[in-house]
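In what follows, subunit A forms one complex with subunit B and a second complex with subunit C.
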Partner chain A sequence: MENIIEVQHLSYRYQDTDERPALDDISFTVKAGEWLALVGHNGSGKSTLARAVDGLLPFSEGTVTVGGIKLTPDTVWQVREKIGMIFQNPDNQFVGATVEDDVAFGLENRQISRAEMVPRVKAALDEVGMQAFAQREPGALSGGQKQRVALAGIVAIAPDILILDEATSMLDPQGRRDMLALVQHLREEKHLTVISITHDIDEAASADRILVIDDGKLVEEAKPAEIFAQGERLVHLGLDVPFTAKLKQALQDRGITVPAGYQTTTEMEEWLWQSLSNT
Partner chain B sequence: MSNFIFGRYLPLNSIVHRLDPRSKLLLSFCYLIVVFLANSWLSYAILIGFTLAAILSSKISLGFFLKGLRPMLWLIAFTVVVQLLFSPAGGHVYFHWTILNITQAGLVNSGVIFIRFLLIIMMSTLLTLSTQPLDIATGLSSLMKPLRWVRIPVDTLAMMLAIALRFVPTLMDEATKIMNAQRARGVDFGEGGLIKQAKSFIPLMVPLFMSAFNRAEDLSTAMEARGYRDSEHRSQYRILTWQRRDTMTWIVFLMVLAAMLATRRW
Partner chain C sequence: MAITFEHVGYTYQAGTPMATPALSDVSFTVPDHGYLAIIGHTGSGKSTLIQQINALLKPTTGKISVDDFTITPQTTNADLKPLRRHVGMVFQFPESQLFEETIQRDIAFGPQNFGVSEDEANQRALNMLETVGLDESFADRSPFELSGGQMRRVAIAGVLAMQPKILVLDEPTAGLDPQGRLEMMTLFNRLHQEQGLTIILVTHQMEDVAAYADEVAVMQAGKLLTCATPQEVFNDSDWVQSSDIAVPRAAKFAQRLSDRGVKWDQLPLTADQLADQLVQRWPGMGAHHE
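Take a look at the complex of A and B:
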């Protein structure tokens, strides 16, 4: 597989006078079709890194190459053609007055004729299951629905790379699961390369590879299974430990024997009911 | 709070609702001039007839129009009374006291002013009740396109207007949330004297502005990531189409205009 993104020795400071750089000599590559998760604490620099790759930050040291194009002020729009980005706050990226206007926004920017826009908007909304909401205003949608619309806006412009910048962090658990399933589906169907910045362990688990960023540096690179085997250390890496794991830890601290391994919420529920009825 | 500005649009399915917003905007503007051109009772009768016909064909009940009139009531009453008492002498004098006169000319003048007010408010209320704010914005920017030639950034202004309209409900929700949060901390909104009331809005305005700036920052990043460069080099998804009913409406309006001109005193 060829490398679709190559980042070499990337450094960035928000202000020239900043003592510590927000990004400090970061190098990594992403293969076409890969799902890469970026994890790290708030302020570790993971969002900054994603923005630098999309040309949203004017970095001075290092190089970024996307799909064979080296990112420079002259090529930034060509590079953005290849990348679709979804941000954290569903409200603050909804530009259009209605769902269909919003999906069309990216197409309008690319000066695509209306005759071509109409079917593309419709197809994109069908893809994310929001066709019935085409005329709705953003106020009438839930956070999860707004993020689906944002995904439709990206499907409409058909990029090669999808960057999720904590895109599920403001959603409820159900909305989060739906969104991840949708991203999985779109990724297979459209052969997308996905980079997801996240604290969510399920989202990180969907990835092929995890990069851990701390203090602007790349500190670890591993497969999800290897990272998750580190248990307690997950918190230090900036991932939310799942509720069931926290519960088990708390029970263990009180001297209660708990089943080994990882349980889903339902399994944990079952086990709790059983142990309660036995006592 | 939101009813205050934008709760006015009534989504109904009438011919007036379906008219092209450009058509409605231009018509309202021309109507304004026509109302001031009328000067005989018969010409006013014709305009009243046209206005009533427009209101009836919008399927909106008259009560909404009376509500639209209410905030203007004092202004109308004041103007009518001033016209009545201070108008120049003419015709029969009914009442005279120092500089105050109620004359026949004064009576007629105040009647005319009253009718003009009524007609203009009715028509502009009809425009806002039957047209979504966004459509008004789209219509306005489309009508202002010729101003490009004098270097006015019409497309950028239209984009700003559309985004402002898009964020009104979002910021309204936010304001309500902040108010509730501050109430929970003991702030009284709308109590005490004028200065105290004004002061109580500081804990609302500061967080609201902070959040609005954060949103603007996020939004501009998201727009740039989605390929937005400037407003000129873009195609349009939302387009307006002039239809047969627009032409028909204008024919009716021109006929009314002709009838009004024929019956006015020259």
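Take a look at the complex of A and C:
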């Protein structure tokens, strides 16, 4: 499969005087259609990296190539057209006076005709369950409603690449699962590439691959199961310990011998059931 | 400080064509030194509810008492300053409460506003920075040139620096890394345990509800569905299902085992509680099979 994103030796300092760069010699690639999770502790550089890929950062060291186009001041609009990004704080991305206008904005920017726009906006708001709020001012919504509207904005565009910067952080657990399922569905249907920045272990688990950033450096790159097998070290990487690992630890502390490696909840349920029935 | 809501209703832009009802007939009491968690789906009214506690939003109907203060639709802002100094509020979006040029000044603003000297407020700010896990190098930086989680920490520091008696926390750990989340939740709990702060916590983390709260209020479409202990709320699995509320991971997992016939003395809400009961049932280990 082709690489849709290639980042080579990317470094960035917000100020020349900064002791430590926010991004420090980062290189990685993303395959078309892949779901990549970007994790790391607070201030490690995740949002900075996302902004760099979206052409929002005037970096001078390293290269970013998106869909075969090398990112330069001349190509930045071409690159950005391929990417739909949800910012960490949805208030920073609302531009429309109403929810509906806001979702339409990205389509207008991409020269979609009005006739096509209206149904697409409606469908996108339906997908995220916000149709009833179409006429509302985006600022006058609850936190989770804002995140849903932000998602509708990129569902409407269906760009080649989605970058979600903690886009589900204010949703209830069910809402979060629904939104992730929507992204997954969109990805399969339209062969989109997804980069999701998250502290949520379940969201990271739905990725094909996880990149771990620490102090501006890329320190790990692996499949979710490999990452989750690292137990307590996960906390240092800025991730939570999965529930099954916590339960295992608690059982071990009480003198029960537990199988090694990472278990999914289903695997763990099965193992416990077998063990308990073993009388 | 105790908090009582009596038949509180709130409508955004009341009396205009844009009127949006967001709370209706909400009544509950949180005792002094209590710890209440508020849960509910997106848009159910949690943020609207807690903003009534320091009268950032005043009830359209009904009445709220916080210790000796009473808030009604007629209460004026002048009456509220003494109340506001005791109620520390961490907003859902941290940016909305940052405004100074430097982080130190931002954190020192609250205490200074309520009469603490500049020197002491600045010193408090430095102490608070450390408490929330940011080193001194942050003091002179702008609060807007930070990562999301760092902004959240600064917002929390600013509220704690006021030394409030009530802490109102609106999803205070959204955006924090898991270690930061644990550190902040532990810190809030310590303030609750050691200094007797009353805590109101809006959260989507059912694990935190199970671990810390005395009672949990469940909001749905502007109404208070129930207010009871986490054990009472999560234990009623039919009710949990029909009201479509989330349960802690441990409880969900325990439920799956009970579907296969495992019996629990009491539904486990945390990994530790679950492990305790599993050991009891473990062949050759616990009490049940001996």
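What we mean here is this: the second predicted complex is superposed on the first by the 213 of 279 C-alpha atoms of A that agree within 3 Å, B and C clash if a C-alpha of one lies under 4 Å from a C-alpha of the other, contacts with A are read in each partner's own complex, and residues count from 1 in each chain.
As a working rule, a contact is a pair of C-beta atoms (placed from the backbone, for glycine too) under 8 Å apart; a residue touches a chain by one contact, two chains touch by 3 or more.
No experiment lies behind these values; they were computed from the predicted model shown.
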Given the superposition on chain A, which partner contacts more residues in subunit A: subunit B or subunit C? C
A:114 in the overlay: touching subunit B, subunit C, both, or neither? Say first, second, both or neither. first
Taking the superposition on A as described, I'd like to know which of subunit B and subunit C A:106 touches: first, second, both or neither. first
On the A-aligned overlay, A:139 touches which partner chain: subunit B = first, subunit C = second, or both, or neither? first
What is the contact status of A:67 with respect to subunit B (first) and subunit C (second): first, second, both, or neither? neither
Mind working out whether A:89 is in touch with subunit B, subunit C, both or neither, as first, second, both or neither? both
First, second, both or neither for A:56, with subunit B first and subunit C second: first
Using the superposition on chain A described above, determine whether A:173 touches subunit B (first), subunit C (second), both, or neither. second
Which holds for A:153: it touches subunit B only (first), subunit C only (second), both, or neither? first
Jot down the residues of subunit A that show up as touching in both complexes, subunit B in one and subunit C in the other. 89, 91
Per the contact definition, I'd like the list of subunit C residues that touch subunit A in the complex. 12, 20, 39-43, 46-47, 92-93, 95-96, 145-150, 152-153, 171, 174-181, 204, 206, 244, 246, 249-250, 253, 256-257, 260, 262, 271-272, 274-276, 278-279, 281-283, 285, 289
Touching subunit A in the complex: which residues of subunit B? 134, 162-163, 165-166, 169-170, 173, 214-215, 218-219, 221-229, 233-239
The subunit A residues in contact with subunit C across the complex are 14, 40-44, 46-48, 88-89, 91, 140-145, 148, 166, 169-176, 199, 201, 235, 238-241, 243, 246-247, 249-251, 253-256, 265, 268-269, 272-273, 275-276, 278-279
Would you pull the subunit A residues touching subunit B in the complex into a rising list? 51, 54, 56, 77, 80-81, 83, 85, 87, 89, 91-97, 100-101, 104-114, 117-118, 121, 137-139, 153, 157
